[in-house]
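Two complexes follow with subunit A in common, the first pairing it with subunit B and the second with subunit C.
What follows is the complex of A and B.
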């Protein structure tokens, strides 16, 4: 359902979409069933002259069956949804695969800043590439991110990845993603963070390995020069 | 528990002491539950107009970014944040709460259980006065330097805690004080509701002879009183963080901002049920009367309510799945959240089963009650997407969430209120409302309501996140198709707001009618309020009624009439 509106560009995006579809089918079934019966009753049991309503207490077992049986079916649907939800959740938030690189992401009023590990694939070294409002990643590689907030709560959200994680001041939260296609897309701040919340937009640039290497090569001298400046 | 209460236990005092009163003691400093109910009702409706106007202003900005909104002016980013924050705060705390719990609770509990007033009339008066004060404090917060608070109605610190972050230090303190005062008002009201319903029932009224709406208001009051404590504590801590430099929520000094979220949502989720239950009760009353049916499985419905109430305390962290809590906690809260679907689904099935075999008259109140069920179902099923942790990663803080909770709160606060108001209007004022105007108003509200929020589901699915004053800043959200949906929603909102004029006109002409044409029992209903005069005098009945049966004995076989009032012996 979601991929009609937003591209599906991470390894787990498809799983989240499928979970949403599963829930959509199950609740859609109940929704349509309930509304159809409801409207049928409203039309069918309209007041007619000389016809009285029936007297049904609903307390006898034979009556209660009509609400207790569907209700068990609802429980079965719940089990399916819980299993699906927990599986996806575990994959996205609990089970982090080995990273190719780690990036640092810092939210502040009202910009995202990113620290890329640079040519040596290691954060915290002299060739780290710092950018504002632009995150460069390579397609097909597993990235970890270390998410921080400098002032208030922000939320790092990349709709094409189906990824969202709040950034909490005073904490470093680790997460992961693996892009599956190239292009440039929105990074949102999804948690209200003050008057500039509405302009806190960044872009994620997902590049092919060659282009990403070229970008790193292009940025490295600038970064190194900045680091070596006395 | 199911014993009848002896007549002189609660009604031993003289009920004829209610003398004529002066204007001030009758309308302003009244202790009469019906007058306090009217005060709450009209204060709530006035606040709804303010909240609706705010929605108009910020939806105009979303549809036509940067225009001069007629009647408001340009909506800046600061204005926008203050408008959405206060729209949410007002609609929940100053509209849904006062109208559904306080107004209907005050009006209905004594009349439906057959007593002359609340057991603590002066506490009741104090409750309204504090509530009014809280509303004044909230409105004054818009006019202080810096303007109203704009940190979202959930007021997450550190944004809400520090003036340097939110730039509205006085506005946010006043906002917080107003909310805390409002809670105090409803704590006082809740004590009254529970005590009155449990202790002041008419002779003969057993526990399971109490009308469902009274039961549900009692359960809602208990939920409110049990959940609000942590939030009041949180509000005090946040106020101290704001004003005297404590650091409960300040991570730089050892505090924890996520603690506030737990305190807030531990209250915030039961709060949904606090307003939902009275609306469900109102719906149940109306459906039984206009389907001429006994409530299907009345006792099961009541037990289900208790179940919902207990479960509602165990689900709060589903608001915080991606908020930096331990990811393993999400699994537990997914299970508890989905369990809530069981009692809520059961309630919906009971509503539908109640219609079976009925003799349904589609009067205006019945249309509203049926619309409540039909629309609330949409809110209910879309909640499953958000309760399932894996799907919530995507939907959290998008317009999907926004559309979901408007599909719950709009049926609750607006449809539920119109259902109850049109149903009990004859009792409140002794006059019938105009049915044709009532139906025009109904369709003029329901159709545009869906026109507002169905597009917002689509926008949320397309990744549009909340509380952004201008989506043109986001390249992926700036497309023409998405903008068209925003315009569609805004136009629907304006149409819906315009149709509210029909409602106020209908109220006005009905209220101005010379003759009191309602009589005691215009709908041929069973519950006790319909045995009193319309409107009931101070003290309600010259002789308090005695109860002989349950509230939903409609179409009893062998009786000539298709209703059997609770107070008729036999």
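What follows is the complex of A and C.
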């Protein structure tokens, strides 16, 4: 339903959508019901000829029932929400599936920078590819990310993944995603971080294995250095 | 008759406000540039004298061609998109906020018309005499004896309006390839080999100390 408006492109995007939908429906149901009852009471018990509008202190049992019965029912709904939320939280944030590769993501005022591990799939080696504004990944592979911030708190957000993770100065936060389709999509900053926050955007390029390998080969600092040599 | 007096008063009021509005519109030819500059003032300061704490250099009075060229470089990613260009990445989004046609030109005209405001030197340990020798040997061909730059030389930057800490950082950036190393950056390609000739950090300090002696 939600994916009709914002594409879903990660393995866990649908789970998060379903959770949002569950919460939306339950809360929405009670919201509408309450409003209907409120307005019914307001109109029904309004002042009429020869009868004053009544002030109800809510101490009688028959009055209290209007509070306590919905209260219990809402608590039952909460159980569903908590169970659903904990399940999704565990799957998305607690467990870490074995990675194919790990990328470094660095937020700063006001840009996202990335370190790709390059052809050897190892971070911290000579063939690491550093970019600004563009993260390149391969479709259908599990990625871990190591998220850092250079100055203030930022939040790494990829709407099509339904992924959002705060980046905090002095900490390296690990997370994961697995893209399920190819294309180029938005990366945003989702935490007010200063005057340039609104334009702190980047792109994620999700490629087929062949195209990704070609990009890695082309961008490898080792190839680039060889090309620049006179 | 009271009604008539009110009419006259009303007419006078309207006439006066039209006059005031018309004058203030004429007072600043480049209203759009001034309006856009309010964003820049947050870092570069009201008088565009720069603000070292946020790394923003003095830009007041830089020639229009240079301002436009740099803003366009920031916008198209020639400048401010290197992994280690922390200060450039702060400036780039600001240039990207100049979105409408003519914004870059208007704000550049406004800044170019501001009186030069070069802050006093803050670096220490530079030997201006040695710097003069280096400058005359390596820099003068493009940046000129007075440091006023040369638009015809692929936009060689004017150096005589800038703060010393900023010049120092830019020379280091060019040396490290943090600035000027993007494919297609012709000015940068011209500039980088020149500063790579400087022997060490002391040589950079010396040449910057000499540039600070050039008249604004």
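By our rule, the second predicted complex is superposed on the first by the 206 of 230 C-alpha atoms of A that agree within 3 Å, B and C clash if a C-alpha of one lies under 4 Å from a C-alpha of the other, contacts with A are read in each partner's own complex, and residues count from 1 in each chain.
Throughout what follows, a contact is a pair of C-beta atoms (placed from the backbone, for glycine too) under 8 Å apart; a residue touches a chain by one contact, two chains touch by 3 or more.
From a predicted model like this one, the values you see are computed outputs, not experimental measurements.
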item	value
First, second, both or neither for A:71, with subunit B first and subunit C second	first
Which of subunit B and subunit C A:132 touches, first, second, both or neither	second
Larger contact residue set on subunit A - subunit B or subunit C	B
A:170 touches, of subunit B and subunit C: first, second, both or neither?	first
First, second, both or neither for A:109, with subunit B first and subunit C second	both
Touching partner for A:199 - first (subunit B), second (subunit C), both, neither	both
Overlapping contact positions on subunit A, where the subunit C interface meets the subunit B interface	109, 195-196, 199
In the complex with subunit C, residue positions of subunit A that touch it	108-111, 113, 115, 130-133, 150, 195-196, 199-200
Residues of subunit A defined as touching subunit B within the complex	1-2, 5-6, 15-16, 19-20, 23-24, 26-28, 30-31, 34-35, 37-39, 41-42, 45-48, 51-59, 63-64, 66-67, 70-71, 74-75, 78, 81-82, 84-90, 92-94, 109, 151-153, 155, 157, 159, 162-171, 173, 185-186, 188-199, 201, 203
Parts of subunit B lying in touch with subunit A, wherever the complex brings them together	77-78, 80-81, 150-152, 156-159, 165-167, 251-252, 256-258, 291-300, 321-324, 327-328, 330-331, 334-335, 338-339, 341-342, 345-346, 348-362, 370, 373-374, 377-378, 381-382, 384-385, 388-391, 393-394, 396-398, 458, 461-463, 465-470, 473-477, 554-557, 562
Touch list for subunit C against partner subunit A, complex	39, 42-43, 77, 80-83, 85-86, 89-90, 92-94, 96-97
